[in-house]
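Presented below are the structures under discussion, each in the form of structure tokens.
Look for chain A in each of the two complexes below; its partner is chain B in the first and chain C in the second.
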Partner chain A sequence: MAGSTAQRRRPPASRSGEDATTLPREIGISKEEALETLQVIRQECDSNAVRTGGDPTALRKCTALELLEQEQAQGFVITFCSALDDMLGGGVQLTKITEICGAPGVGKTQLCMQLAVDVQIPECFGGLAGEAVYIDTEGSFMVERVVDIATACVQHCQLIAEAQQEEDHHKALETFSLEGILSHMYYFRCHDYTELLAQIYLLPDFLSEHSKVRLVAVDGIAFPFRHDFEDLSLRTRLLNGLAQQLISIANDHKLAVILTNQMTTRIGQSQSTLVPALGESWGHAATIRLILHWDNNQRLATLYKSPSQKESTVPYCVTPHGFRDVQPPPPSQTPEGSEMNPRKRPRIEEDKQ
Partner chain B sequence: MASKKLRRAGLAQELCERLSRHQINTCHDFLCVSFLELMKVTGQSYQNVQKLLCKVSRACAPKMQTAYDLKMKRAVNPFSAFLSTTLDSLDKALHGGVACGSLTEVTGPPGCGKTQFCIMMCVLATLPTSLGGLDGAVIYIDTESAFSAERLVQIAEHRLPNYFVTEEKLVSMTRSIHLYRELTCESVLKRIESLEEEIISKRVKLVIIDSVASVVRKEFDTKLQGNLTERSNFLAREASLLKYLAEEFSIPVSFLFVCLFVFPPPIFEIIQLCAA
Partner chain C sequence: MVILHAGLCPGLTAEMIQLLKANGIQTVVDFISSDLEEVAQKCSLSYKALVAVRRVLLAQFSAFPINGADLYEELKSSMAILSTGSKSLDKLLDSGLYTGEVLELMGAPGSGKTQVCLSIAASVSHSLKQNVLFIDSTGGFTASRLLQLVQSRTEEEEEQVEALQRIQVAHVFDIYKMLAALQELRHCMSQQVVCSVGPVKLLVVDSVSAVVCPLLGGRQSEGLALMMQLARELKTLAREFGLATVPTGIQVELDIGGYEALEERPGASGEEL
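Coming up: the complex of A and B.
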């Protein structure tokens, strides 16, 4: 890499293709003197060359200490399911791509809608006070459901405000209302992968205009790519390009990107397993992978891939108020004789452990 | 949107000609080519190619709406957001009824009432909006020859005896239900592709497909090599066409499955009618 940048900023004089190790051998100076010389020449070239607004390579270089400070300062987008938040280390991380895979009906879109509401929670309640971009490729976004989730979230914050009675809580609640939440959720409906590609190309400009956006949700990334694709190498190339763009968007604008993916059946020698769709190479695109699945009647979330958290599985449920923890059953429930669904196994005390 | 010609996207004439020599004619082709290839083909610099990409993307990207705009659109006409099934508990569970603008899948074992449910929805869709209907025509794609017109009339007379008092009302209701019998996968797909014009010309407000599974099971044997992918492709193509129709015309599209299969997703709401 260093060699090629030196070549691009070639000085007008004859010193072409030389670097700090070949130079001393040629003219008999020490390596440090050679490095100084080259740096002086580079600086002169830089001042001559045309700068095209903001050299991004400079921003991407920092020490691990600076990165640590950044990571500790930045917030998370909570999911309202405390077990899931703990498993993720606080919630969905900013500047990272989180992929949510699962079978149909398990709750991926519910989670996306919940996060699109939660990113808007004001800072005094522990949120990010950001806005959300929702890119829908499947048409599963239901406004009525978002209204339910947002109403429950506002009520939750109102309860906190009443309990704690602080000045900034009440002020924040003036803007954190149902209309406010819905107005700050930017919705794009993409019908095929061309529209999706076009939208992702235009996203950086959109984000520069709307700098408060802290979450980009793409629901789902698999649907437009799964059918009608004869040329699989084109698909891989397009998906890789998409992943690269999303990573750079996440980093440059400091926001969280969540993608939902479908599951596909991999037919093995003797059995078939459910694996995330879009193939092996796509598996490298997301930093954090969450797989939602069923176990009898209980929904479970497994952290499948994460650079910093331990792999584990937690239960969650989807209530009329949105994504929530599983409530422990009330202690007064009798195990037999109740008018319950005869197909449900009656809950006995030992089973809870 | 994707097949928009590049000239309509605002690119210069001679640039379009240059691109068409490399078989790049539509926005779709332009966006699928890699960046380096674009630079080579257009002969432009990095920044200029980026500007071209933005221009082409703007031509085919979707319009932005806030969730608030979406809510206002639905609120303008609350009855057009859902088609009530007149079964109170089901309507409550579905947040109003069968959703307009999206696909609803009805599945269950044989004999539990899926076709009856669909026949009832036919009647309801033709009712005027004052009675909770959609005041429009219905398209019924029947692959099992299970639709019975006599049963339709029987349901109408017994469900709404006060409304269907005259012969004339029954006639106008039956006249607005268009039945198509399709027996192969290919003909079903062809029929769905031709639906767009029918929906506009006949003022269709509900599309029912009964059933998706029967044609697929007849023609695709999953034990044979390659059939699984073909079947998935067919179903996905069908689903995306139906979704496009549902959203474009904001109508409910309902179709039946037999519950034995686990189909690859797109996402639907599932109303499961169990025999129990």
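Coming up: the complex of A and C.
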């Protein structure tokens, strides 16, 4: 505590002139505490002086040009639905938090599982060759489904390799198999919000051991915070703190963070609308917000919030192979006029009212 | 809060300080606000010496009054108005961002705060050729979008590259790092050290509420203190160095409850001189 009060009082540099004998007399702390304080300040001074030495705790500044080069060099996590990828500007972006909101059954968990497989696609096929961390709070993760998605993905890559016949494709396919994909997906199950908070808190240590992780998916960030939570201001604080930790992880380790959120009803003056859950202050947490919804029988994805892409809506569908584009309907094969039941007399079409 | 120590001013000896400390006078503020006759009696020090010391301390640590006309002249010569790049926004702000002032942008999620920040940064960097420091705490800074905004202002690649090089970006995700970044900027500018690019004219903080929200509420008051400290740092940077600062916040009603107003400490302003 002595260290933090010293930091807050004045900029560190000016205090380093004091020595350990005058400090205790002036502030009234013990000599050991004074030595500790001075050590902390000197470390700060040293790290400030050697800023470019790659010290992770020192402040890193870079110009916008350098950031642009970094952004253009880093890839995206594709979703296998090209319309969605185009809308997102190439796919799910690294170093950002993407939030996926939707009503139950619309495909949020499917998209998470698809992305957890797609992040592992080797670089020669246009992927990131990374690993995935999947944090499940709702228990909706089905391994059998991931097997289906992974098998389809591997087959897709094999078709590409056969069509293009390049050597590195075949080499990559040796490691990119069903077992490989499943073994590089790290699964954590959290049963309540305390476990979730602890897991996110411990995540940086895990990530420093597994440096190839490029995706962290939290399936169901809303669920542990929505039931049995009495103190709403505590919830807001915890969620905001969680958001800051996640964006800090995303930035430090250059990975993409995906969160899924539920929908709730906001009752306005005369009507009610469907909005993402967890309140308005949570709306600021995610950098990119995607809302999945239904329109009759068609599933649609709307980009609601993004710093670099335009807002738009695209259709998608969920097939046995995973998340895919909507296939245009096949051209009708029966020529006009011939029907299943040939009519004896032509029917006159009545006007629809 | 400056603590009395020997050598602070001539006439303030170590014995005097010991006697003063024994009577509960430890800081400059305590000394100046105490009744010197009483102190002279209690500490058995000479009244004249105490008055002399007080005069020197006041001269050293207090703010100088300045009359309105002089202030107006000074502002006219030192204040600049930075155009935001959008005519309607400029009109709303009485022709642009004034240096020495803090402009706060507030809005609901997705309303465009980050976009306004990016376009102001692009405009100041390209049209006015001034250096910008962009402190990002939400991860919303996208360099490719910034490039698009700069490209809409100029076609030449050289100019675009220069404009991008004038914008420095710092990623900070909690309040202590943000305070450290602001203090480092203050340190840099007060020493007139050329911080590898040049003097910064615009400081954009996107967003302030992301780092402050996790601390506010509940029964703890530390969050409010940190928030006030952040506000003070921004104002000091703006006022002292003639920066235009733009922090963004979110539009959420907070019930702060029954907290007492924080006391202003007059002694603290002495450090800035």
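By definition in this document, the second predicted complex is superposed on the first by the 273 of 353 C-alpha atoms of A that agree within 3 Å, B and C clash if a C-alpha of one lies under 4 Å from a C-alpha of the other, contacts with A are read in each partner's own complex, and residues count from 1 in each chain.
We take it that contacts are C-beta pairs under 8 Å (C-beta built on N, C-alpha and C of every residue); 3 or more make two chains touch, one makes a residue touch a chain.
Owing to the predicted nature of the structure, the values given are computational and were not obtained by experimental measurement.
**Student:** Looking at A:Ile97 after the superposition, I want to know if it touches chain B, chain C, both of them or none. Which is it: first, second, both, neither?
**Tutor:** In the superposed model, A:Ile97 contacts chain C only, not chain B.
**Student:** Look at A:Ala64 in the shared chain and tell me whether it touches chain B only, chain C only, both, or neither; answer first, second, both or neither.
**Tutor:** Only chain C is touched by A:Ala64; chain B is not.
**Student:** With the two structures laid over each other on chain A, which partner does A:Glu280 touch: chain B (first), chain C (second), both, or neither?
**Tutor:** Once the two structures are laid over each other on A, A:Glu280 reaches chain C alone.
**Student:** In the overlaid three-chain picture, which partner chain does A:Ser308 touch, first (chain B) or second (chain C), both, or neither?
**Tutor:** In the superposition, A:Ser308 contacts chain C only.
**Student:** With both complexes overlaid on chain A, does A:Arg237 touch chain B (first), chain C (second), both or neither?
**Tutor:** both
**Student:** Contacts for A:Ala250 in the overlay, against chain B (first) and chain C (second): which applies, first, second, both or neither?
**Tutor:** In the superposition, A:Ala250 touches chain C alone.
**Student:** Applying the document's definition of touch, where does A:Gly126 land relative to chain B and chain C: first, second, both, or neither?
**Tutor:** In the superposition, A:Gly126 contacts neither chain B nor chain C.
**Student:** Give one of first, second, both or neither to describe whether A:Asp192 is in contact with chain B, with chain C, with both, or with none.
**Tutor:** first
**Student:** Determine where on chain A the residues touched by chain B overlap those touched by chain C, and list them.
**Tutor:** Common to the two interfaces on chain A: residues 234, 237-238, 241.
**Student:** Okay, in this complex, where on chain C does chain A touch?
**Tutor:** Residues 1, 3, 5, 108-110, 114-115, 118, 133-134, 137-148, 161, 164-174, 176-177, 179-181, 183-184, 186-187, 197, 207, 209-211, 213-218, 229, 250-252, 255, 271.
**Student:** So in the complex, the part of chain A that touches chain B is made up of which residues?
**Tutor:** Per the touch definition, chain A meets chain B at residues 52, 103-105, 109, 134, 138-147, 179, 181-192, 194-195, 197-199, 201-202, 205-206, 220, 223, 226-228, 234, 237-238, 241, 262-264, 343.
**Student:** Contact residues on chain B for chain A in the complex?
**Tutor:** 1-2, 27-28, 31-32, 34, 47, 53-54, 56-71, 74, 81, 95-96, 99, 101-102, 232-233, 236-237, 240, 243-244, 246-247, 264-268, 270, 276
**Student:** Taking the touch rule as given, give the residues of chain A at its contact with chain C in the complex, in rising order.
**Tutor:** So the residues of chain A touching chain C come out as 7-11, 13, 22, 26-27, 48, 59-65, 67-68, 70-72, 95-97, 233-234, 236-238, 240-241, 243-245, 247-248, 250-251, 280-281, 283-285, 287, 289, 304-305, 307-308.
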